[in-house]
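Paired with chain B in one complex and with chain C in the other, chain A is shared by the two complexes that follow.
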Partner chain A sequence: MSRLIVGPFNRVEGDLEVILDVTDGRVRAARVRSSLYRGFEQILQGKAPPDALVFVPRICGICSVSQSAAAARALAGAMGIAPPANGRLVANLIQAVENVADHVTHFYLFFMPDFARPCYESQPWWRAAAGRFTAVRGAAAGDFLPARAGLMRSMGLLAGKWPHTLTLQPGGSTHPVNASGRLRLLRVLREFRQFLERVLFGDALEAVAAIASSDELARWAERHAESDFGLFLRAARALNLRALGQAGVAFMSYGAYEQENGRWWPAGIWSGGARPLDPARIAEDVSHAWYADATEPLPPSRGSTLPIADKDAAYSWCKAPRLGGEAVETGALARQLVAGHPLVRDMIEREGGGVEARVVARLLEVARLLPAMEHWAEALRPGEPFSVTGELPAEAECAGLVEAARGSLGHWLNIRRGRIHNYQIIAPTTWNFSPRDRVGQPGALERALVDVPVGEGEKSPVAVQHVVRSFDPCMVCTVH
Partner chain B sequence: MRVMWLQSGGCGGCTLSWIGGDGGPLFATLADAGIEIVWHPSLSEASADESLDILESCADGRRDFDVLCIEGSLLRGPHGSGRFHVLAGTGRPMIEWVKLLAAHARHVVAVGSCAAFGGITAAGVNPTDACGLQYDGTNSGGLLGAAFRAGAGLPVVNVSGCPTHPDWVTETLLSLARDELHEADLDELARPRFYTDVLVHHGCARNEFYEFKASAEKNGDQGCLMEHLGCKGTQAHADCNLRPWNGGGSCTDGGYACISCTEPGFEEPGHPFTVTPKVAGIPIGLPLDMPKAWFVALAALSKSATPARVRQNAKADHVIRWPRPARKP
Partner chain C sequence: MAKDSNFSFDASTDFAAIEQRLGVSRRTFLKFCTGVAASFGLGTKAAFAMAEAIANPAKRPPVIWLHGQECTGPTESLLRSEQPTFEHLILDLISLDYHQTLDAGAGHRVEAVKREAMEKYKGKYLLVVEGAIPLAQNGIFCKIGGQTMMDATREAAENAAAIVAFGSCASWGGVQSAAPNPTGATGAPQFLKGKTVVTIPGCPPNPANFLGTVLYFVTYGKLPPIDDKGRPKWAYSRLIHENCYRRPHFDAGRFATQFGDEGHRQGWCLYKLGCKGPETYNNCPSLEYNNVGGGVWPIGVGHPCFGCSEQGTGFNKPMFSLAEVKTHTPPNAFPNIADRQNPTSSTVVAAAAVAGAAVGAFLGATAVAGKKLDGKQAEASQSADKGA
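So, the complex of A and B:
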């Protein structure tokens, strides 16, 4: 057996190290180390509750709005208020903009550059991949960055700026959109749709969203081989990325995008079939994390965060959240599975959920979201209220459960004597990249890495890089 | 000009903001100015062992680079060990890497208020003993010490902001590449004066409301955010309302207070962020160079002279009274 320490892992948000035990060219065991601790949960203690809206977005520069949304929701719960229709639509819109921007940023800047690596030079698709996706110099970045900046104009319009806005409040949004703002927003969305349809998919978004099975996807890929998504599917087929990197755990989603009656994509668990989610069964284990141990895994409403840098069994700053004692995987794949998209369900039922399924689910989500965003923008009613006010009670306990681009994000807030008594956060990558728990059960990535091939002499195995990045990890959220 | 970029105790938001700038295709702009990215954690192909090679050779002087950009606070804890951030794959605290690399850099740039002053990560009990490269809040010192000068002679250039505006970063790099950023171009806190010579208040769309102290009382109101909702635009050095964010926004345009995120210590204002602290009904934080007595007198006068249009719109979430066009007699 040999041991490989892979890090600093880049093109992920934040710092990450992966420790691999390798025998006969395969990973036998993996340990995932989150190497940065900042202590937001400690910083928040004692603050005025609304100040959470200043602090939590700054946990993460890439899913800043999702953090705001979770805090706003927890505070709204404490206040017993809900935003009016316009406020709900704006919240959906800015969360969706971030979700879409994150998915395409992951695809173009973080994930695809690995296919331009010289190790794939002999592949028939390599020349095209290198031309498009070579980091910084590839042609795709030149198309993508201006398109992304164009999309982010919607944040200037709706949220003042991105990242780190205070626009999302418990009672709605601070920026009422007027008639001209609504039109500008529609123009921005239509422009970004053109980029997606012309460059990423080479097809209408509705046609992509309607792909209903694995076979249909294969036929689509042949007809759209020239698009960036088509190029990925070609490489994925050649490298068998379907089988690679399956975690084999249940999938979880808290549900996303508020409608008048419940969430558009519902909450739930998927493991061979859909089950309801009971958030009361969530608990965090710190047996292998650098924190003072509790006698048992604690539910986040009673959780604590006391860092200790010296602890024998520990190897990460990431806690190990478990649902009813089980590790789960979260993200776009989980969201679309639980929401019942036929393509994603077909892929999982036939081949399980590996690297390819994660990427497909993300881009499918982009194709589904943009038309919904146009619809939400159309539904805005300038002149009608965008927010309501409310009073914060001196004592309250509330949770805010939302979906960030990378998966399920929860904030658990406890207010005593008008101040934050405890604030616990479980981010998507905390679930996906958790270390082992007290019964030795590895987290989703630690499982997904087992059996991944390691080539002769490879110090940072390229297959390992595909698997790690397929989760679109956000390490700054993970530990916070 | 070769740029080495590392991230430590921050959120990565300054990078994400940077690549979202709408001043044209960023990578082409950089290449055109002869700026080459030696390594950047979010952008470079090189990973793990390949990036380690680059880091080590830069740190021991075998590989030349010009600018060291640091994003995120420097974490000195626990107990001065720096172990709250051990750079992955190296077993060595990030603060050691930063010191080694800074010694070889011609310029050191702090990207964001975390790297400049400590920022958000230093808030509350400052659990990680976070500080900036050359400042610990308002005190000079920080990780590298007050006396530090990079190879070309400048102190750490503090591109503060939480996050930074994309152009603050790009224009700092462009000025360095053109050798156009000198000591006189930096303010008292070593921030590039091209964006800190003005206040956030300058160009704010709520200026007319400010003039008449016609103030917003709740979220969504159109009035000035200073009297009740915590706005520090009259004290914060930055051109946020002259240089729009994301195609046209800003904090105050978005309907919420400027929390003066470019200033050291903004993370601990000593009051809830979006509530203006007052003594005897008068906001404590007055405009930077305005004598208090004058402010009070002028405020009283302008309040009594407020046109009905301004007074009514200030407390509404959309224009309910508009400036009527003059009619022909």
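So, the complex of A and C:
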């Protein structure tokens, strides 16, 4: 057996190392280490509750809106208020822009450049991949970055600046969008739709969203081999990325996008079939993380975050959240599975959820979201209220559960005597990249890496890179 | 044209090549350079010097970009900017030899590239620090490739030609330095004592402030004039309050007191919602954000500034607390922020009675101010529909 330390990973948000035990060219065991700690949960204690909205977006420069949304929801729960229709639509739009931007950024800047590596030189698709996706120099970045900057104008129109906005408040949005703002917003969305339809998919978004089975996807890929998504599918087939990196755990989603009657994509668990989610069964284990131990894994509403650097069994700053004692995987794949998209369910039922399914689910989500965003923008009613007001009680306990691009994000807020008594956060990558728990059960990535091939003399094995990146990790959120 | 004229270029200045490299027209490009020069308080000559510096790739300084405790917000804000697309200009203007988020390679190979670059460009490279440096327990809270951010920063600063701290975290510690500062988060200037560090605070900082500073460095081979906190004077010498478009409402005593109330919908001043514009030095009102124009910046979309770039304000003072107005003190008759929820309601008056006579007297003043405002409010709601 040999031990290999892969990292630090670049093209990843934050700091990450993976420690691999390798025998006979396969990973036997993996340990995931997050090496950055900032102490947000400690800082929030004792602050005024509305100030959570100033602090939490700074947890992450690319998930900042999701962090705001979770905090706003927790505060709204404490205040017993809900945003009016306009506020709900603006919140959906802001979150959707971030979601779409994150997915497409992951695809273009973080995931695809690995296909341009020299180790794939013999593959028939390599020349195309290298031309488009070589980091910084590839042609795709030139198409994508201006399109992304264009989309981010909508964050300006809705949220004032990006990243890090204070527009999302418990009662709704601080920014009443007027008729001309709505028009400009629709224009931004239309321009981004053109980029997606011309460059990423080479097809209408509605047509991509309507692909209903694995076979249909294969036929679609043949007809659209020239698009960037087509190129990915070609490479994924050649490398059998479906089988690679399956975690074999249940999938979880908190549900996303508020509508008048519940969430568009519902909350739930998927393990061979859909089950309801009970957030009360969530607890965090710190047996292998650099924190003071509790006698048992604590639910986040009673959780604590006390760093201790010297701890024998520990190897990460990341805690190990578990649902009813089990590790789960979260993200776009989980969201679309629970929401019942036929393509994603077909892929999982036939081949399980590996690297390819994660990437497909993300782009499918992009194709589904943009039309919904156009619809939400059209539904805005300038002149009607965007926000309601309310009073914060002196004592309250409330959770804000939302879906960020990378999966389930929860904030648990406890107010006593008008101040934040406790604030605990579980981010998507905390679930996916968690270390072992007290019974030695690995997290989703640690499982997904087992059996992944490591070539002779490979210092940063390309298959390991594919698996790690397929989760679109956000390490700064993981340990806050 | 003669070489020494204000409006001439070196014969080698190849605009066709610039147009191709930057993907913008010559006109847009020159407009941009003139704009940057103007914000430095410099004339056309400087604009042309900058244009030439960009046009001449031989002058591109090598850059080492370090990430500490942070959220990559500054890099993200750079990547979304445009005019001519900033990321394009940045990547074109400098030779980015090491950047963790954008690099092609992976793992220790990238760290080796960093070392090579530092050796090769000894004394010539520009060091950009993004993120805070945690000092507690010898820096264990942030490690890159097994090296603490403390050591990485000290090592890279040793032979840097100039150091720029990009974002509030690198400038003074930022969000993670808020009490109780569990990791001992520190800014680059405080950590690198004795070295000149130019700071571009903001959370996220405006990419234009970074770009302008780099452009100045590329053009003149030195850093622009800075204030006592290391901030370039051209960008940070004015209070947000001085250039805020809601300032007339402040002077007239018209305030929003809750998100979504009548004053808020009329676009009135956010001072009583805790706006820290009166104590924060930055150029947000003139530059705005996300390049959409039309009042797109925090105060423009109706929420208060919380002083993200100002040490001692952002992440230190509560959002809903009154700013310390640096220009002039508002009259005492302005209602206090603590009473912003319907100051004349009976519950507040009852609470005030319990609290004591001093507060009671203050509320009396509030009620008078409230009365005076009524007349103005009626006037304003007839004429003002802007900003709603």
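FYI, the second predicted complex is superposed on the first by the 480 of 480 C-alpha atoms of A that agree within 3 Å, B and C clash if a C-alpha of one lies under 4 Å from a C-alpha of the other, contacts with A are read in each partner's own complex, and residues count from 1 in each chain.
Basically, a residue touches a chain if its C-beta (ideal position, glycine included) is under 8 Å from a C-beta of that chain, and two chains touch if they have at least 3 such contacts.
Being a predicted model, the structure only gives us computed values, none of them experimental.
On the superposed chain A, the two partners chain B and chain C do not both fit; they clash.
With both structures placed on the common chain, the touch criterion links A:Met152 to chain B and to chain C. Of the two partner chains placed by superposition, only chain B is touched by A:Leu16; chain C is not. When the two complexes are overlaid on their common chain A, residue A:Tyr108 makes contact with neither chain B nor chain C. Legend: residue contacts after superposition of the two complexes on their common chain; A:Trp162 is shown touching both chain B and chain C.
By the touch criterion defined above, A:Phe195 reaches neither chain B nor chain C. Once the two complexes are laid over each other on the shared chain, residue contacts for A:Glu391 go to chain C alone; chain B is not touched. After overlaying the two complexes on the shared chain, residue contacts for A:Ile62 are found with chain B and with chain C alike. Once the two complexes are overlaid on the shared chain, A:Lys47 sits against chain B and chain C alike.
Judged by the touch definition given at the top, the superposed model places A:Pro176 against both chain B and chain C. Between chain C and chain B, the overlap after aligning on chain A sits in one stretch of 2-10, 362-370 or 380-388, namely 380-388.
Taken together, the two structures place residues 6-11, 13-15, 35-39, 42-43, 47-48, 50-51, 53-55, 58-62, 64, 109, 113, 134-136, 142, 145-146, 148-150, 152-153, 155-167, 169, 171-172, 174-176, 178, 307, 309, 385-387, 389, 459-460, 465, 476 of chain A in contact with chain B in one case and with chain C in the other.
Residues of chain A touching chain B in their complex: 5-11, 13-17, 33, 35-39, 42-48, 50-51, 53-55, 58-62, 64, 101, 105, 109-110, 113-114, 116-117, 134-137, 141-142, 145-146, 148-150, 152-167, 169, 171-176, 178, 188, 307, 309, 382-383, 385-387, 389, 459-460, 465, 476.
Those residues of chain B whose C-beta lies close enough to touch chain A in the complex are 7-17, 19-22, 24-28, 37, 39-52, 73, 75, 78, 81, 83-90, 120-121, 123-128, 130, 162-163, 218-220, 244-257, 259, 261, 272-274, 317-319.
Those residues of chain A whose C-beta lies close enough to touch chain C in the complex are 6-15, 35-40, 42-43, 47-48, 50-51, 53-55, 58-62, 64, 109, 113, 134-136, 142, 145-146, 148-150, 152-153, 155-167, 169, 171-172, 174-176, 178, 181, 184, 307, 309, 385-389, 391, 459-460, 465, 476. Against chain A, in their complex, chain C makes its touches with residues 23, 69-77, 79-82, 85, 87-88, 91, 96, 100-111, 134, 137, 140-145, 174-176, 178-183, 185, 203-204, 258-261, 264-265, 288-292, 294, 296-298, 300-304, 306, 308, 314-315, 318-320, 341, 388.
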